[in-house]
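Some structures to go through are shown next.
Both of the next two complexes hold chain A, though its partner changes from chain B to chain C.
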Partner chain A sequence: MDNQSLDPRVKRLKLNTGGEPVTVHEGENWNVFEVFHQEKRGAHHEHVGCVHAPNAQLALVFAKEQFARRKKCVNLWVVRSADILSFDTEDEDMFANNLDKTYRDASGFKVMEKINKFKKSTHDKE
Partner chain B sequence: MTRNEAISQMLTAMADDALIQGHRNSEWTGLGPIMEEDIAFSSMAQDKIGHAWALYRILHENLGGTEPDRFAFLRGEKDYRCCHLVEMPNGEYDFSLVRHFLFDHAEAVRWEHLQQSTFEPLALTARKLKGEIKYHTLHANAWITQLCRAGEESYARMQSALNVCFPLALGIFEPSPEAETLLVNEKIYAGEATLKEQWLDRTYNILSVAGLNLPSEGSVTPAYGGRKGYHTEYLQPLLDEMGYVFRLDPEAVW
Partner chain C sequence: MYGGGYIFDEPDKRQLKEEQLHDDPEKLVEFEARIARGEKIEPGDWMPSEYRRQLIRLIEQHAHSEIIGALPEGTWITRAPGFKRKLALIAKVQDEIGHGQLLYNAAETLGKSREAMINDLLSGKSKYSNVFNYPAETWADVTVIGFLIDAAAIVNQVANAKGSYGPYCRALERICYEESFHLKQGHDAFIELATGTPAQRAMVQDALNRWWQPIMHFFGPPDKNSVHSEKLMQWKVKMASNDDMRNQFLDAYVPKIWDLGLSLPDENLKKDPVTGKWCYSDPDWDLFKKVINGGGPCNKERLDVRKWAEEHGRWVRKALMNPAEKTTAPVA
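And now, the complex of A and B:
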C-alpha cells in the first residue's frame, strides 16, 4: 500500500504489487471494513455497506465485486469499521431539540427575498 | 491456410480457454471459502464466459462461423481447442487460485497485445475487456501474496499448486507454427513465444515478492495437445454437464 497520492489524505492501492500480507493469528478475527462508493469523479463517497476481509487491500478487492459490479462507479473507499468513532446510542438526547431550532436550518432562510428587496431599493434610488 | 482460417484457429483457442476456465471457476459458486470471495470469484467466472461469448461472436459475425451457443455447446470433444490447464478439475482452492493467477496473467498479456491488432474486431474487444482483466489479475496477485506469507502450511500448499500448474500453464502457449507465422506477419498478434516471455517476466515479479519458486521452463514438460484437439480425460465430462440443458432442446428460445 503506497501513499504517493495527489491527495495525501487518501492511500491508493497500486495494482502492480501484491501489497503487504497480514498475519491472522489463531483465534483472531478478520476485520470488517465499511465501503464507500463514488458514482462520478468529484462526487461524495456514499456508504453502501461492509465487507469482511483480512486487510484493507483485500477489502477493496472484495468491495469492487460486492458493491461496484452493477451501478455506475469510478472509485471506492474502504475504512476499517473499528477506526470509526461514534456517539453512544444513549447520548442521542444531545440532538433531541434540533427539530425546534429551525432557524439553524440553512434551507429555512428566506435570503433571496431580502436580496431582491435590497436590489429593488437600490435600483429605485438610481 | 488462409488469413481468416488462421484467425479463426487462434480465436477458437482463446474462446475455448475462457469458456472452460469460466465453467470450472463457476463450479466454486456457493462453495467459496468466504462469502465475499465466493461472490468475487463467481463474478470473474461470469466475466470469462462473457469473454468467450465476445470471441464466439467475432467468429460468427466476421469469420463465417457457427452461431455462438451452438458452437460453444454442440461441438465434439476433439473440436475444442482449449489447453489442459483449464480442463483440470478444481480440487482445493489453492490449485484454483494458482491456476487463476497463471491463466489471467497470460490472458492479460495476450489481450494487451491485441489492442494493437490489425484485425479490428479483436482490437475493439481487447480495449473493451481491458478493465475487467486488470481486476482479475489484481485479485489473483492479492491472494497469491497473502497466502504465501500466511504460515508454513499455506506456503507449502501454494508452492505445490504452482509446481502442478506450471507445466499445464505452459500449454497455453503451445505453438501452432503455420497459423502463427501468418498472424505475426499480418500484425494480428505477437506470436506465442513473445507472449510467453512477457508472461514469465510478469508472473516472476509477483511470485518472487511472494517468495515462491517458479520452476525453470527446461525442467518440466509443457502440457501440449489441447490446441490440436487432444484433451485430458476431464474435458468430456465437463462438456456433458455444461451442455446438458442446451442439448435438451437446441432450438429453444431463451
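And now, the complex of A and C:
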C-alpha cells in the first residue's frame, strides 16, 4: 500500500504499514566507547561523552562526527567504557582530608611573619 | 532541539509502587540534602528508584523527540530554497540526530539499554514531543519550526540544564550551544519570508496559523492539571512549571511576531499589564491527548519511517558486529 507522505523520499519507500512489530536485539547497537577531545596541541584531552561503535577504529570515526563537527579540535581519543577503572563514588571520603594537608601547598609555609619578627628584633637591639 | 515540557507517563505508573516506597529513608534524606545544596548526582550514586525512573522517562523521551523531530524538517532537505539553506538544514538535521545520541547515552547511564529505548519507541510505549506528529506542508512550516519550536525547546532545555543529574546536564550544555545556531538559522529563514513578497508573507502567516495550537501544546497541560510536579521540582528533575515556561516563551516571541505585522490565531492573546503574565485561550487539550495516543496526522508515518530505518540498517550493524564484544553502559 502506498503511503501518503509529503516527503518524496518517504513516499518512494515500501513502509511496513501493517504495524508488525520491529524489535532491536540487545547488543545490536554495539559497544560503548568514551571520547576524549583535544582542543589544541599541547592541551589535555578532555572527556566529552561517548559513542556506540563495533570497534575502536569506527568509534573514532563516529566520535569525529559527533564531537568535532564545529570549533577547534586537533585530536580525539576513544577507549572502551568497560576499560575505564574508577573509584566507587561512595568512597569519596578517602579524599576528604586533602584540604587539611597544608604542608603540600605553597600557602602552607609562612615565612614573612618570621622574617618581619627577626628584622624587628634586630632593629630594636641597634 | 526538542524536549517539550510535557513528559508522557503511563497512567498505571503514576502511583509509587510498593518497593519504591521503601527506599532507605536515611539515604533519601542525604540525597535530598545534596540536591538542595546544588550538588550533581552521578551515575554511580545512590538515588531513589522513583528519581531513576522519572529521569529515564524524561531523558529517553527527549532523545526520541530529537530523532523523530528531524523527520518533518528532513522532508524539506531536497526542496530547500537555495544551496545555503540546504546546507544549513542538513547541518541542523545532523545536529538533531547527534542530540538524540547524546541523550540516549545519558539515559543509558541510568540502566536502560539503547536497544530497549528504541524498542519502546517503535512499539509506541515510549512517547516523543507531540509537535512532530504534524506535517511540514510548505517551506514556511520549516521556518516556523526552526524559529518558534526551537525557541520553545530552548526555554525548556536551558531550564533543564540546571537540573540535578550530571550526565543529562552535560549533554544539555552541548545541545544548547548547538541550538543557538538552529534558532538563528530558523529566525533568518522566517524573517526572509516575513519581510518578503505578499505571497511569501501569506505563506508564513498560513504556517503560523496552523502551528500555533501545537506550539501552545508544546509545554504541556496547565499547572493545575499537572500530575507529578512537586517532587520532581524538589529533586530538580523538572526545573520550571509548564505555565511558567509557556509564559516565558510567549513573552520573548509574541512581540517579535507582532512586530512583523503578522498575527496569531488567538483573539485573547495579550499581556496582562498588571501581573506581567500572558493571557490566552486554552488550546484544545483533548486534541493534545488524542495526538499523544496516536491520533495525530503523522504519528503512524513517523513510526513507520523509523521502523523502516531500523530494519534496513540492520544488515550494516550486523556486518560490523564483533561477537566477542560485550556491551557496557557509558561511564558518565
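In this section, the second predicted complex is superposed on the first by the 73 of 126 C-alpha atoms of A that agree within 3 Å, B and C clash if a C-alpha of one lies under 4 Å from a C-alpha of the other, contacts with A are read in each partner's own complex, and residues count from 1 in each chain.
Keep this in mind: a residue touches a chain if its C-beta (ideal position, glycine included) is under 8 Å from a C-beta of that chain, and two chains touch if they have at least 3 such contacts.
Everything numeric here is computed off the predicted structure, so don't read it as measured data.
In the superposed pair of complexes, A:D93 makes contact with neither chain B nor chain C. In the superposition on chain A, A:K64 contacts chain B only, with no contact to chain C. Applying the stated contact rule after C-alpha superposition, one finds that A:H52 touches each of chain B and chain C. On chain A, the surface touched by chain B in one complex and the surface touched by chain C in the other have residues 13, 15-17, 21-24, 51-52, 54-55, 58, 65-66, 69 in common.
Across the interface of their complex, chain A is touched by residues 34-37, 39-40, 43-44, 134-135, 137-139, 141-146, 148-151, 205-206, 209-210 of chain B.
Interface residues of chain A, counted against chain C in their complex, comprise 3, 5-10, 13, 15-17, 21-32, 34, 47-52, 54-55, 58, 65-66, 69-70, 80-82, 84, 86, 88-90.
Taken in their complex, chain C has these residues touching chain A: 42, 44-46, 71, 74-75, 78, 91, 94-95, 98, 101-102, 105, 108, 113-116, 118-119, 122-123, 135-137, 170-171, 174, 178, 300-301, 304-305, 307-308, 310-311, 314, 317-318, 320-322, 325-332. By the touch criterion given at the top, residues 13, 15-19, 21-24, 51-55, 57-58, 61-62, 64-66, 69 of chain A touch chain B in their complex.
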